[in-house]
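Handing you this structure, nothing more for now.
The first chain written gets the first letter, and so on, giving A, B, C and D; residue counts start at 1 in each chain.
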């Protein structure tokens, strides 16, 4: 195989993003896109450049020419498509979260594992050049043993109510990226989760049994700590900062600004804002993650974030919700035991 | 009164610091210093410039010429000196913490209140120009309603074991400054404290029933949140950063570096370290706080941090210890009820 | 015309860069590439994606289907191709400098003007997002009247001797970008040029009657000033900083770093280097400039940098050389007068 | 001698600044202050703390108890006082410039040399911690051989016309600090000076045969270069930046801001201004320079900036004026030859 023949299930914002990156990549050939609606694709470049556009995802799953599927449909459909795709021998790239239900996720991952297909989860931030450099500094021992991982992760704008309803809650929708990043950067697994959360922005959140602001403290098995602070609305732009503090030093990644320009006047010294939107901030990371997926299929490179990583982040999101709801520290072992 | 005639009880590191600042100030006259030992003061400027040097603190307390006393002796002696000094009608500047015992603190403050003397606690960071500017931005509504107060506070070097033993524990010795800063910056009082802490550096801490690393989450009465992360050892220097995040923006204070010099070579781009020691970092703040104390005595200016602020920070330190020990969220109301 | 059918003359580093950007753009169709050698294109994407690959530039110039030509061949061939292409009615995008000879440049521009074709010069930095923001701040009056334009422009690595020989000298090869930027940012034309230059790196430069380091001061017609400092070798990376100082303020653009990561240890606080290579630093600017060229052809948008801009920058480069050689201030009027 | 008994001639802004620092220093005793007027000193701390306040400078010069004199009177009186003080055996600290006339300066320095007294010039910036660190990096070979020294030096506010009249012109009054800094940082002496200057702010300057904006290029004897850009008015604050670029790297000093606070809102990201006034920006440097002078007298430490440094900076200021007036490059040898 010199190019990966690919299909995309789900052509919303994120599906189209992957479609564009796949079309621009020399390692992929985009054969098909499916979505429950296809009207919005009329007149786009996909109509001309993608041979098959269909409302039937099974067409893609059953197409013997297709090597790999990108699952970008709504979360509740992921598990089902994963299992079908795996059984059809397709490599799978699945958007986060894998599902809203741990058991469902486990089952889907088991099918994929038995089928022997590659399975990557869309934790794009692992491929961000800034965070990658933080990771490498930790791996290279530049800061010694990690003691505290800190993440500030704030969206620029609160989502509309429709989105909140279907999001699975802030922890599953937004913090899940931070949970994955915490695991990626630390050298130990999370043992306990403790959350203080609040609804400080507007009623859209509380009405939907959700929150908009949270401090999440994580205790690792080796005794070290992590803390995430989240907000659904940072009016100054997308705030994405990370630091890992260890006994030999600190490595930290600042926000990426739109430009490096500074305007100094009598009134003020003004800098440019952080990049406002995740599609802009992580533009290159989205390209990198599909290159890595290609490298795992074509070159046998080890996956950087696999199904297990998706599952673990989901478990942290569930633990966080439980901690919030019951106002107590939740141990991951509690959730594991559910398994039996 | 045109100058405040002053005595200092306790001539250790912090007592000497205040002595120097008082000697350099035009609003104070330093008449006396007492300490249990006075040998270390021989040959210093104090011998020449301070009329009375004694091992008997009562000499200062009973001296009718003395207007104000700086209490810089060991914490266990504070309450006793406060009461005696207040009854003798002296204004009091007391180093933090007021005592290790809330009831003792309450009693001392009550005596001071009844005596009608000024009482300031040595929360010097309130007078730091960076943090003061953060405070003003919050007060001026620049960031709207505060949602999350964040403090990173890390000492450059772990203290010796002897110090740890007598410190009252990390929360009472070190975090107490951060507790005060959280209260100073937010617009609400703390309702709950939740701590995850660890001993990650070396055995000196655990042997003395203490910790060296902690994440402390605070819930305010208005529902907003704060988080403090502490470490007893940041090898790159004294790490003192603060941010307040609100619905209209973010105000943050970065570390103060030794210089603004950057060296760019083939190997690296290198910046100067943060100022290494608290005496250097807060040098100007220590001067400002005694100027403010002078202004309250001489000009009737309102105190910026009074006895009540000292008490409240102590209660947060105790709540933090309890939260750590019992691995649970502690409400301040629990501690209040002890009062009855 | 919905897409611009395009040919590229010259398939070296910069020609290939444009080829890639053209192939990835929806507004262009790349029909042909010519170069005096075509062996190096075998096995590349061009072989598959570009219908015509030839050693004969005239094939492109005479092809009636081709709307626009990118002239990326060696500088001594530019003028000739420009004239032929213009007479054949092709729109022209020409790499800098247009030629090494002002009269030749004038003649080529005259032919293009008479033919009524669009003519853009490859001053890509005008399209850099940082510098564009500086430009806009100046235009918007944010800094009042410009008094001093300052540019630091240093290459990361000195070129090989072969390159130096054919470069036309540092002023024509490298400073020409800065000359254009000075004109772009200021609101007046240059009246005088004064240069101090030196050969400080190695003999490759002096052997070829060239220099590697220079301070170039420019006096504008309105009396304001500009200063450029150049070096052929900045070991810490590609150094590209700009500031415009005016009576109401300062606008400045810092270097763009590879990442925003900081590593703080006992030894040092280390930042990432500036992006090392111009192809990386100006990657997006190279895309923007051909989009702008397309917009001028397809949408009638006014050109951002036209032939006259190319000519003026060349004149400044010649004046700089004369100033260096004769160790005196050279007025642009001297060079203009040559015209008569 | 354990303390230096000191007198100050001239009690204007800078004389009072030195008086305060001397009074606060343990190495000096301030015995006397003279000024042509002494009314403005009534009711100040000097009245109480300085034994002698007089309108007669000769009282100080002839006082056998006085070891050292600070000459802070108007520039036209410096040379005369230097000679008298030197002949009376007093060590001399003289404010910049030594005089407006090179021959006068040479003569004064000769007398001081023959008298064998210490002679320091008030180039306070050599003692600034930021610039000192730049100096040390250059000395330590961190950036290899210096190729280009760059200084941006801009006053926050243009001086009143009265000041301009008596200033000796911008080069002698303001740039003289930068000329000294260029010499301090480079490893070679200046051979040539080339200036482009302008009057862009208002008529006060041209009316007094002065300018407000300049680019000054310096050529060193070893072929390396320096460039200074000056303005009499930077509305955003006192702009004092320095960089030294060499074949192994770059060392640069940024402005010192009032605070490190950043306010991020929907509208902007705002930083604090640079310190606004030279007394604030160089507060510590002014203290350091008199400590260094004390160390040279009391401990035999070598002077950091001696009379020769004062003379050389003056010569550069004169060369700059000549270059501006005659619009040509001026070699220092021309001025030297005047000597004969």
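Here, a contact is a pair of C-beta atoms (placed from the backbone, for glycine too) under 8 Å apart; a residue touches a chain by one contact, two chains touch by 3 or more.
What you are looking at is a predicted structure, and each value in this text was computed from that prediction instead of being measured.
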Quiz prompt | Chains in simultaneous contact with chain C and chain D | solution = A, B
Practice problem: Moving only from a chain to one it touches, give the least number of moves from chain A to chain D. | Solution: 1
Quiz item: Of the other chains, whose C-alpha centre is the longest way from the centre of chain C?
Solution: B
Quiz item: What whole-Å value do you get for the distance between chain A and chain C if each is reduced to the mean of its CA atoms?
Solution: 40
Quiz item: Which whole number of Å gives the spacing of the CA centres of chain B and chain C?
Solution: 58
Exercise. Starting from the mean Cα coordinates of chain A and chain B, work out the distance between those two points in Å.
Key: 42
Exercise. Name the residues of chain A that each touch 2 or more other chains.
Key: 235-236, 248-250, 262, 264-266, 272
Practice problem: Give every residue of chain B touching chain D within the complex, in rising order. | Solution: 24, 26, 45, 129-130, 133-134, 137, 142-143, 248-256, 258-266, 272
Self-check item: Complex interface listing, chain D residues touching chain A
Solution: 235-237, 262, 264-266, 268-273
Quiz prompt | chain D-facing residues of chain C, complex | solution = 145, 147-148, 150, 152, 154, 192, 194, 196, 198-201, 213-215, 217, 219, 223-225, 227, 229, 231, 233-236, 239, 245, 247-250, 327-329
